[in-house]
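Would you mind keeping the following structure in view while I ask a few things?
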Amino acid sequence: MVYLTRIEHFNAAHKLYNESWSREKNESVFGKCANENWHGHNYELYVTIKGKPNEETGFLFDVKKLSMIINSSVVEKLDHKNLNIDVGFMKGKMCSTENLAIEIWKQLEQNLPSDVQLHCVKLYETPSIFVEYFGE
Amino acid sequence: MVYLTRIEHFNAAHKLYNESWSREKNESVFGKCANENWHGHNYELYVTIKGKPNEETGFLFDVKKLSMIINSSVVEKLDHKNLNIDVGFMKGKMCSTENLAIEIWKQLEQNLPSDVQLHCVKLYETPSIFVEYFGE
Amino acid sequence: MVYLTRIEHFNAAHKLYNESWSREKNESVFGKCANENWHGHNYELYVTIKGKPNEETGFLFDVKKLSMIINSSVVEKLDHKNLNIDVGFMKGKMCSTENLAIEIWKQLEQNLPSDVQLHCVKLYETPSIFVEYFGE
Amino acid sequence: MVYLTRIEHFNAAHKLYNESWSREKNESVFGKCANENWHGHNYELYVTIKGKPNEETGFLFDVKKLSMIINSSVVEKLDHKNLNIDVGFMKGKMCSTENLAIEIWKQLEQNLPSDVQLHCVKLYETPSIFVEYFGE
Amino acid sequence: MVYLTRIEHFNAAHKLYNESWSREKNESVFGKCANENWHGHNYELYVTIKGKPNEETGFLFDVKKLSMIINSSVVEKLDHKNLNIDVGFMKGKMCSTENLAIEIWKQLEQNLPSDVQLHCVKLYETPSIFVEYFGE
Amino acid sequence: MVYLTRIEHFNAAHKLYNESWSREKNESVFGKCANENWHGHNYELYVTIKGKPNEETGFLFDVKKLSMIINSSVVEKLDHKNLNIDVGFMKGKMCSTENLAIEIWKQLEQNLPSDVQLHCVKLYETPSIFVEYFGE
């Protein structure tokens, strides 16, 4: 079993705001992250798949195809977007990095060929904070 | 002459949008950066000052004080904010990284002690793009 | 289950020296690291917790609170300190990065709320050497 | 159980080319990586071992010795070399990063003292692509 | 005057070998870099231009266009190539990083619009070695 | 004119303490950096030389020789040392990063061949603070 990771990037705006709460409660729970006028990040996305290398190519999976799938199913939907407003798969969800990593996993799982095993989605929100999700 | 650099960080939302243009023109010039719902970045800010080290301390300037001045005069006004809406010193200006670096220079120059010489403001918008401004 | 990591920094002096050995044996085992006048490092500390995101906040745990706990229970006791002399929880222990990671785990475990599960302490001694400890 | 990682570097040339295929098939499968005149990379190698720290030294294993073993058994055989032509342990194998990580594991396992447990070989091919192998 | 930098990447093979010298002399001067079977690098290319931001856009120059020009005039000619064999503008020149930076400058200068002022080409050969060229 | 930079590393302990002041004054001026039991850093040293590449080699100067000179004249005297006690060329000087960069310049200037022009010494004290010195 070998693990292969591809790193991609996207920039996005978001805020942390629970619509069923008052503005005061949002500000006391989320602090600056609740700023109604949004803030944003350069996100760094690590996608790890696992499996056995193919004997003829030496590849677990073509990393250029992996990059294309990550871009078409995830990055293009998130890059230069507003996570709370513009992104179908985040609708009705709190835009925390935790939830974003889980939803990115779901998007990738639907779009990767069935013989490719997704292992981990790791998402840096800032250079000092990241989240990992292994599908369970 | 010694040059001392302190690195700080902030996250912010913005869009590139010239209000005197049509939406079509904005989209053709700024592409994804004109997204009306904003996008955002982790900015990395390098502030460089220059001068002669003090004989008694060995310091050009106390780097903790430098950090406090950068934070109070710049970072706190930008972090978790919307550059187009929330930031007094960006009002009426296009929110490009070029203009942001120039305005950060002006803020720092007003707030640094008169015996400290500002040398350079360097601002990373993403890990692949940065702007430098030397005050002229 | 989601994994959330927060990265913090501290600077410290230490030496590797077993008091029950001769100076010659210390130098032959620890080389330059036994220098009696100390040497030091910029340590980079990764703290990973795991759990299920809260439905109302989308957070596994408030990362600002996590940062405050790491700082009050670990970083403030280590930053700009001498690991062999100044740090209560390293008394009587060899100041290797291995032992430091284990003791940092113990400090964190005592200070994190009981509903937060510590997963990993990862500690960079230099940009080329790091240690990980998972609590067992 | 503590995990200790040492990072080393090497530069090498390679191409991805299956000799039992036509040039056309190689180019359609491997793209630019099949360039007959070679291309190359700065590889970054993370070697992780695991075990219990020694009570007298606080060390899992002397990191300087670990570095020497990695260098003599792996880095010196790969650095400034052509992976397809110059490297005994890659003979007859496709020079993918996946296969290179597996063969590096084998070299290390033969050369590490029997009381040191190898845990992971992680190999960056570019800053955006890496492979991990855990020996099974 | 503002300085704008865009960072791009390419991988390539090369060797350092002066054809007018014996193999012995090449090996004594260039060491491992003279390996006849090539070696290679992940190069990191920083291109800096300078000028005054446009009032309507806030841009010195559209960074996406800058990236496209760097890619079409330089990166596509170098990426996954052999610098000694495959690259027209390196023919007859020693493939040192110094010479490569100078020739990249010439390519960029010919392909940038006449109103854009090139300021610096900076080229990392490894994470520990880089070269800068300012056009004179 | 081409600029060539080589990056090296060293770890050291130091404190900021002016012997002609009281302990109270030292603590009020230098804060945690005055800790009498020392603290330490992983320093990152960038040495830049400038000149014209040699026509036969393509080199400004052999980067391996540059590395050897930096190591013998600077790194070996500083690595795993106490800057206040162990280092001849820092005797009687405040151990600030500013002064350390200036003294490293002097050491390099004495040890580089007379036909090599030193351009800049850049010294990272932490990943957020660095100093540059250009010899005047």
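As written, the chain order gives the labels A, B, C, D, E and F, with residue 1 at the start of each chain.
One rule holds in what follows: a residue touches a chain if its C-beta (ideal position, glycine included) is under 8 Å from a C-beta of that chain, and two chains touch if they have at least 3 such contacts.
None of the values given here were measured: they were computed from a predicted structure.
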{"item": "Copies chain A and chain E - rotation angle from C-alpha fit, nearest 5 degrees", "value": "180"}
{"item": "Interface composition of copies chain C and chain D: same or different, split at half", "value": "different"}
{"item": "Furthest chain, CA centroid comparison against chain A", "value": "F"}
{"item": "Remotest chain, chain B as reference, centres from CA atoms", "value": "D"}
{"item": "Chain A and chain D: spacing of chain centres that average the CA atoms, whole Å", "value": "29"}
{"item": "Inter-chain centre distance, chain B versus chain C - centres from mean C-alpha coordinates, in Å", "value": "33"}
{"item": "Where chain C touches two or more other chains at once, by residue number", "value": "127"}
{"item": "Chain-chain contacts as defined at top", "value": "A-B, A-C, A-D, B-E, B-F, C-D, C-F, D-E, E-F"}
{"item": "Chain D partner contacts - residues on chain E that touch it in the complex", "value": "9, 11-14, 32-33, 35, 37-42, 79-82, 85-86, 126-127"}
{"item": "Chain A contact footprint on chain D (complex, rising order)", "value": "16, 18, 20-21, 29-31, 93-99, 101-102, 127-134, 136"}
{"item": "Sites on chain E touched by chain B in the complex", "value": "1-8, 48, 53, 56-60, 62-64"}
